[in-house]
Amino acid sequence: MSNKLLELKNLKTSFQIGDEYYAAVDDVTLTVNKNEVLGIVGESGSGKSALAFSVMGLHTRAKIEGNILFNGKDIANITPQELNRLRGDELAMIFQDPLTALNPLMEIGDQIAETLILHNQNMSQKARKERVIELLNMVGIPRPEYVYEQFPHELSGGMRQRVVIAIAIANQPELLIADEPTTALDVTIQAQILDLIRKLKNDMHSGVILITHDLGVVAEMADRIAVMYAGQIVEVADVHTLFENPKHPYTRSLLNSVPADGQDKLHVIQGIVPALQNLPREGCRFSERIPWIDATHHEVNPVLHEVTPGHFVRCTCHKHFYFPDKTKEAELHGNSRS
Amino acid sequence: MAILEVEDLKVYFPIKAGIFNRTVDHIKAVDSVSFSIEEGKTYGLVGESGSGKTTTGRGIIGLENITAGKILFDGVDITDKKSKTKDIRRDMQMIFQDPYSSLNPRKRVFDIIAEPLRNYESLSKLEEKKQVQELLQLVGLSPESILKYPHEFSGGQRQRIGIARAIALKPKLIIADEPVSALDVSVQAQVLNFMQDIQKELGLTYLFISHDLGIVKHMCDDIAIMYKGRYVEQGTKHDIFNNPQHIYTKRLVSAIPDINPRNREKQFRFRRDVQKEYDESYDDYFDDKGLAYGLQPISDTHLVALPERG
Amino acid sequence: ACSGGDEEADGNESEEPDTTEEEGNEEEPAEEEEPAEEEAADDGLVSIDDFGVDKTNAGEAIDGGTLNFGLVTDTVFEGILNWTFYEGAPDAEILQFFDESLLAIDNNFNFTQDGAATWEMVENEDGSVTFEITIRDNVNWHDGEPVKAEDLEFSYLVIGDPAYEGMRRYALDGVVGAEEYMAGEADSISGIEIVSDKQINITYAEPNPSLLASGIWAYPLAKHIFGDIPVAEMVESDEVRVNPIGFGPFKVESIVPGESVSYTANEDYWQGAPKLDGVTLKVVAPTTVVQALETGEVDVVDTFPTDQYVDTVDQLNNVEFLGQTDLAYTYIGFKLGTFDKEAGENITDPDAKMADVNLRRAMWHAVDNDSVGQQFYDGLRWAGTTLIVPSFPDYHDPSVEAPSYDPEMAKKILDEAGYVDVNGDGIRENPEGEELVMNFASMSGGDTAEPLAQYYIQAWEQVGLKVQLLDGRLHEMNSFYDLVENDDPSVDIYQGAWGTGSDVDQRGLYGRTAAYNYSRYTSEENDRLLTEGASAASMDVEYRKDIYKEWQELMVQDIPVFPTLYRSVLVPVNERVTDYSIQWSWDDLHEVGVTSEEAIVAE
Amino acid sequence: MEANNVNIVEQTQDPSKSPSGLRILWRELVRDKLALFSLILLTLIVVFVYGVSIILDQDEIVTVDLFAIHEAPSEDFILGTDYGGRDVFGQLIIGTRNSLTIGIAVTLISGIIGIAFGLVAGYFGGHTDNTMMRVLDFFQILPFTMLVIVFVSIVPDYTILAFSLIMAVFSWMGIARLIRSKALQEKELDYVQASKTLGTSNTKIIFREVMPNISSLIIVTMTLNLAANIGIESGLSFLGFGFPESTPSLGTLLSYATNPQTLEFRWWIWVPAAVLILVLMLAVRNVGEALRRATDSRQRRG
Amino acid sequence: MWKFIVRRLLITFPQIILLSVLIFLMAQAMPGDALTGVIDPNVSLEEKEELRERLGLNAPWHEKYADWVGGIVQGDFGQSFRFKMPVTELLEQRLMNSFWLSLMTLLFTYLMAIPLGIISGRYNDTLLDSSITGYTYLGFATPLFIFALVMLWVFGYQLGWFPTSGSVTPGLEPGSMEYVISKFNHLLLPALSMALIQTVSTVQYLRSEIVDTKQKEFVITARAKGASESRVYNKHIFRNSLLPIAAFFGYEISFLISGTIFVEKIFGYPGMGLLFLESILLRDYSVVNAVVLIFGVAAILGALLSDIILSIVDPRIRIK
């Protein structure tokens, strides 16, 4: 049996804006292996969540093309019943905002138990409760019996996020998608949550997709990293390669803009991620933000190239990439899109 | 010379309950905080969510009622709301966290930046326009943008508009409450760079509030760590990062994810050790209510919250 | 009784029928004249002459059956079910089924000997008169107790009690010893004497023609029931509200407050057991009365809204309409003075804006009331002439020449009286050449109130008189009476209506001391005639007729007010009902029957 | 949720808040065919009614004509006459104008009260808010219809303006509540805080900063309120507390239907008024709903 | 919980007092009094004046108010001038009638509103939704009184399915089965007429709540758990959407009160609304005051009730 847990082939997720469809996830091909953390990083709006939702089949009004193979089975076009059997059981997701991800009117225990009920009707009520307590314990919630009967609003953000995680891992999923699980949390709590996810992966040998825009987090967590920009994967590599030998100008810019010791000036990526409707659909999508790289250096319809084994980069412009010098940058500031 | 001196600042919020909605208790959002900021320096205020950073900033500038304490600005007592005369006020400005909500979406950039000018200076229309355009240029935006609306700008640009507004009156002190935490890393850099530039140019003093130790380290000269409304440690950048004394500070520092994947294991180990130490020596650092003790100097610049010995 | 749906009349008339609701004189209603009606026939209009007062029987009555009686009102009934206490007209309708007066009357509203009691008038030497009333032996209360003389006395004692808050105090007017009793100086009324269980003598200080015209209070109050209840609490008691008692042809079985009453036959009724098993009375809104009749939900209603008649008469082919002239008239009054409350006297102001009788006469000439009656009421109302309505055939004088619609005449009168348009704006100024604007107050409510008022204003404008609606709108009943009763100086002209009651005595409405003499008209001649009309001499009907004829002429001369419309009452009766009548004198409810179990439904 | 996913730049373009928001509202409105149709219809009616009623002689119309009572529609009287022989068509035009005027006046007056009240309560919050909300609660529990009836009986000078005022006094609470909750949210936003630190006065902040930002909410609510207020006097007319007949209104015409014969046989008196009320209310409401959809990005139709 | 209720009650107290003063002053301001309408030559002006004096109609308002409040505190609303009976007794009959009418209306309102709102919200922007929305628009634009009149005309008279006036068939034994059925029968048409119009606001409200809740993140969480659509709706969306309806309940009472005035008048149903209308015309102030006060208190209690319901069902504001 192959090690591939999830395979995305030419996945394209489009939203209707006005009368047209625009792809927020555009031709993404990606693999997640068992017992592996795949980090996906990218700026806000690059399509990370859209990708995760597509895998989970949670988009209500999107057009999804391409294949999503889960354990070799295409789950992009299965019936809702089949999908429901998978979701929460073998496929699970942790959401970004712990404040709103829980039903405000339901007791914490019931919300966790619901996942159990949905996938195992035979479980006795007692067993279920025990399992919920166990889960609460696992995610490090003190006094689980007490918390069982509490309501979401009575818990702090960190606690709630743990409950959300408990829901996700209740049925020991094979694939866990964590969409920015710590963005809303303090660093100390973030460290704990990440610790938890890491432990889960190790215990259950699940595959994990960790979506974040915090490079520090992926540096600590991921085995492999995919960098997303404007709906596309621009670079995929294992974590060491990516941090030590980034190729794509976008990846390099990202890494460079993180404050680090001894740095006087931080690197600035010009411009912004364009809105969905304004995405350049041809050519290197990042080219607009590195105007000092000659247009001829960009590929016309760039595809992911494998530069070294397991290291994929889109667009060959990385070969010509350099950071502009300070003075030039200042000049560019003045004329920046405004 | 210290431009801002805060002594024993307390900001309490009432908790109301009971039949007559009487105040039964207080949230001590800021509980006896003292510090001073030297002119031209950047003073960082760090802490977890809810530790009282924002409240401290808002208390100083007068957006929050002060329960007790004393605030001296440029040697003048401005504790009382009434004593915050217009003149004092113009010397102290604020930059807000959210570049989207801090600019009135219904106003043109011109009106936004001109707002403080109109409140404090009676300029002719022409002068006003000139000044606004100068300010825009200063923050690196084209002077033609004055007729645009905020939504036509990116997050970083908006934050710069906010800064332009804050410096319009040439203030001495700027309180920046998490000025970049709503921004993507890439944009963050832009704003941080710019804040440093402008500081040099105008000789500004910053009270820089953040929960991101990485950024604070990058920006600040002096740093204070806050926990549950109190200071746990205060010192120079070097003191805090290289010689953290308080267990809470240590834990905070250890929790910062390391950008270098090679350090993973080391980082985990470090974190585990700190956590162990934290659990073991919690009682040495916090009183029975889980609050920090008063600050004790351990060097000229370095203060740590430790129980009074003796 | 007056029609519920009718406009202005509501307020004042509703209090009236207490003396009226029984019967009155009625040969053929309104046999007098009305040129309107002759024309009307051609126009397809309706005339009151076309209606009968007795139901024509259409078949044999079956044994028993229940009559469904509709009480047309858009409010509920109060449910004060006792003659001594009731106030609203709807309650009177309910009362008549189970309780009645001891004395019957004829169609002239004069007492007869056909009632539950007989009477005799004895003139005493001291000038006073005694009525000797003898109750028939078989007259018993519904609980089997005989109706006794003391019951009638008790009624007087209650009405005269200081704790009594009702409106029947007038029953004691003129009774010897009543004043002393009311003042608390006596325990009983010396003029009332119980001769035996069944005989009672009531003495009045002065003979008065009104006494014979149903002027004697003849409603006994069951002493064996009310005797123990303090007077102040009687009106609230269950004996009045829940299980009321009487000696009429039907007994109250149950009451749904405000909505309906069910009666069963009183087998022990003194005129004999009723044919019907019972009666069900329920409130019907004026807006739905047609449907209720059409579907046979009700057999009879107390009064039918006349304005709906023409539209629905074809539709209602299952009923027979009975009709007669109503005891009421609408009028327009002119404010001529004020009422002095201290002195209790009307003071006529010779300088009042409306003081010139020529102006008033011209205004009468200017309005076309016959057309109003025809157009608004399909001929069921018609122009009034005198202040005594044709329902009093003895007294109404059709020969009085009242000003009729004649705008040219109106203009002529005005011209001669000096009301001419001096500034050329088409509006006449007063003889002094000052602007003349008159304020007209009229009451709201009812369908035609507003256009009617507008019509009058327009009509006056046609002859060059400027009249405007006071405050630009109709006044709600309470405000209206506030204005008119208190002689608000802003009112110059007003439109009102009176229910006439069963007595022609006019002192209450037009006397010098009458607060209700809203026009505040007084004159020596008026005083004389009204006093004379109520004097002992007037016990002679012929004499009295002459007096009131003179008075009617005086009123047409002086025109403090002028009658605008006389009215009619219509009562639809389902075809299955037999022996029903609306004659004032009719009291044979017990003979009413039905020809089928179910009412006949319209096709 | 989805809002979270939306690219930040996109997110800030909440159409209800950006300055060109009004233009966007307009664009959305015009896109919505039903709403556009309603708007055009409405404009036509308004222009027609106000235009024609200038030409019409109101006194003439309310003149009683004894010899033209209850005439069916004919050439002389397009919509026949009522029981006073008055031209129904003329009354309909003037009535519509009056009813519209009342609707607009009530909406405006109650809107102004409600907005000011809501803004002040929401902006200051705390004790001020608490006290003001108690006042509002109090108004809200008042038995509206009854008090209006009582008031209407009291006022001596019963004009359209007086009526509108009375109505407004009892109907500003809904909008006040809405505006307050919005203002409570709004004042927490940094731009308000910013204005405070910049030394701008409270009054200025409330009316120059906060209010423009909730203007689309105000517009939407006012439009929907207007829809509700057009028929507002008809109920009172029915109960007999409406305007004198010399001031025709749709409610007066409509209340003639309480006469069963009018209801059944003389449709021309009340049916046109009923239809007009229905059409006006629906049209205004359609516009209002379209505006609401336009301000709510989640509900926007494309 | 109890503390909360007590506190809410304490807040309502000044409201009620204020309400009573307001009502009283307004009654005073109205032209005329109970005796204005008594126009009867048999009753002289002096007698009327005397009666006024005796009934205390001439006293200064604050004295009257004190008297009135003093009475109310002892459960005595004074005497109805028109009905010659204590207002308290008079109201007893009417109050029950209005109570049943309101209850029935509420029942119908929610019976219709909840399914319609749910369908319309769940399948929003479908044909079904459009037709329900269409109905709500129409209902919104149709004046209640015209609708009720037409209902009466069609179902009462043309079809004869329902009784057309009153609250019960005459002559039935109170308490008997027939009596109860007849009462119910008389309620149906007025309650239905009112409910059909009244329900539209609730339907709309519910619909928009559901459309709103549908977008909430916890719904996505539920889907991610593998819950089927119907479970997502039944367990997660409906409960959360119905909650605000409970808050709405308080206002529903106020709507009801206005509604009963119309409906009672049209259906000749002897309840409080009808009583109010009659009493105000006849200046039977003690009744007017009592009715308005009771309606006001009912509205206050309605608001209180919805607060309590809300505080019970909504854990976020639940008081432990």
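Some observations on this one:
A, B, C, D and E label the chains in the order they appear, each numbered from 1.
Everything that follows uses one rule, which is that a contact is a pair of C-beta atoms (placed from the backbone, for glycine too) under 8 Å apart; a residue touches a chain by one contact, two chains touch by 3 or more.
This one's a predicted model, so the numbers in the text were calculated from it and none came from an experiment.
Common partners of subunit C and subunit E, by the touch rule above, are D.
Of the two interfaces, B-D and C-D, the higher number of touching C-beta pairs belongs to B-D. Per-chain Cα centroids separate subunit A from subunit E by 54 Å. The mean-CA centres of subunit A and subunit C are about 92 angstrom from one another, to the nearest whole unit.
Rounded to a whole number, the gap between the C-alpha centres of subunit A and subunit B is 31 angstrom. In this assembly, the C-alpha centroid of subunit A lies 49 Å from the C-alpha centroid of subunit D.
Contact with two or more other chains is made by residues 288, 291, 476 of subunit C. Across the assembly, subunit A contributes residues 44, 97, 100, 272 that each touch 2 or more other chains. Residue numbers of subunit D whose C-beta contacts span two or more other chains: 1, 8-9, 153, 258, 260. Across the interface of their complex, subunit D is touched by residues 58, 61-63, 86, 89-90, 92-94, 96-98, 100-108, 115-116, 119-120, 149-151, 154-155, 162, 165 of subunit B.
Subunit D makes touch with subunit C in their complex at residues 62-64, 66-67, 69, 83-86, 153, 156-158, 240, 243-246, 258-261, 265.
Residues of subunit A that touch subunit E in their complex: 56, 58, 80-81, 83-89, 92-93, 95, 97, 100-106, 114-115, 118-119, 151, 153, 164, 167-168. The touching residues of subunit B, when paired with subunit A in their complex, are 48-49, 140-142, 145, 148, 153-157, 184-190, 192-193, 211-215, 217-218, 251-252, 254-262, 264, 267, 271.
In the complex of the two chains, the subunit D residues touching subunit E come out as 1-2, 134, 137-138, 140-147, 149-151, 153-154, 227-228, 231, 234-235, 238-239, 254-255, 257-258, 260, 263-264, 274, 277-278, 281-282, 285-286, 298-299.
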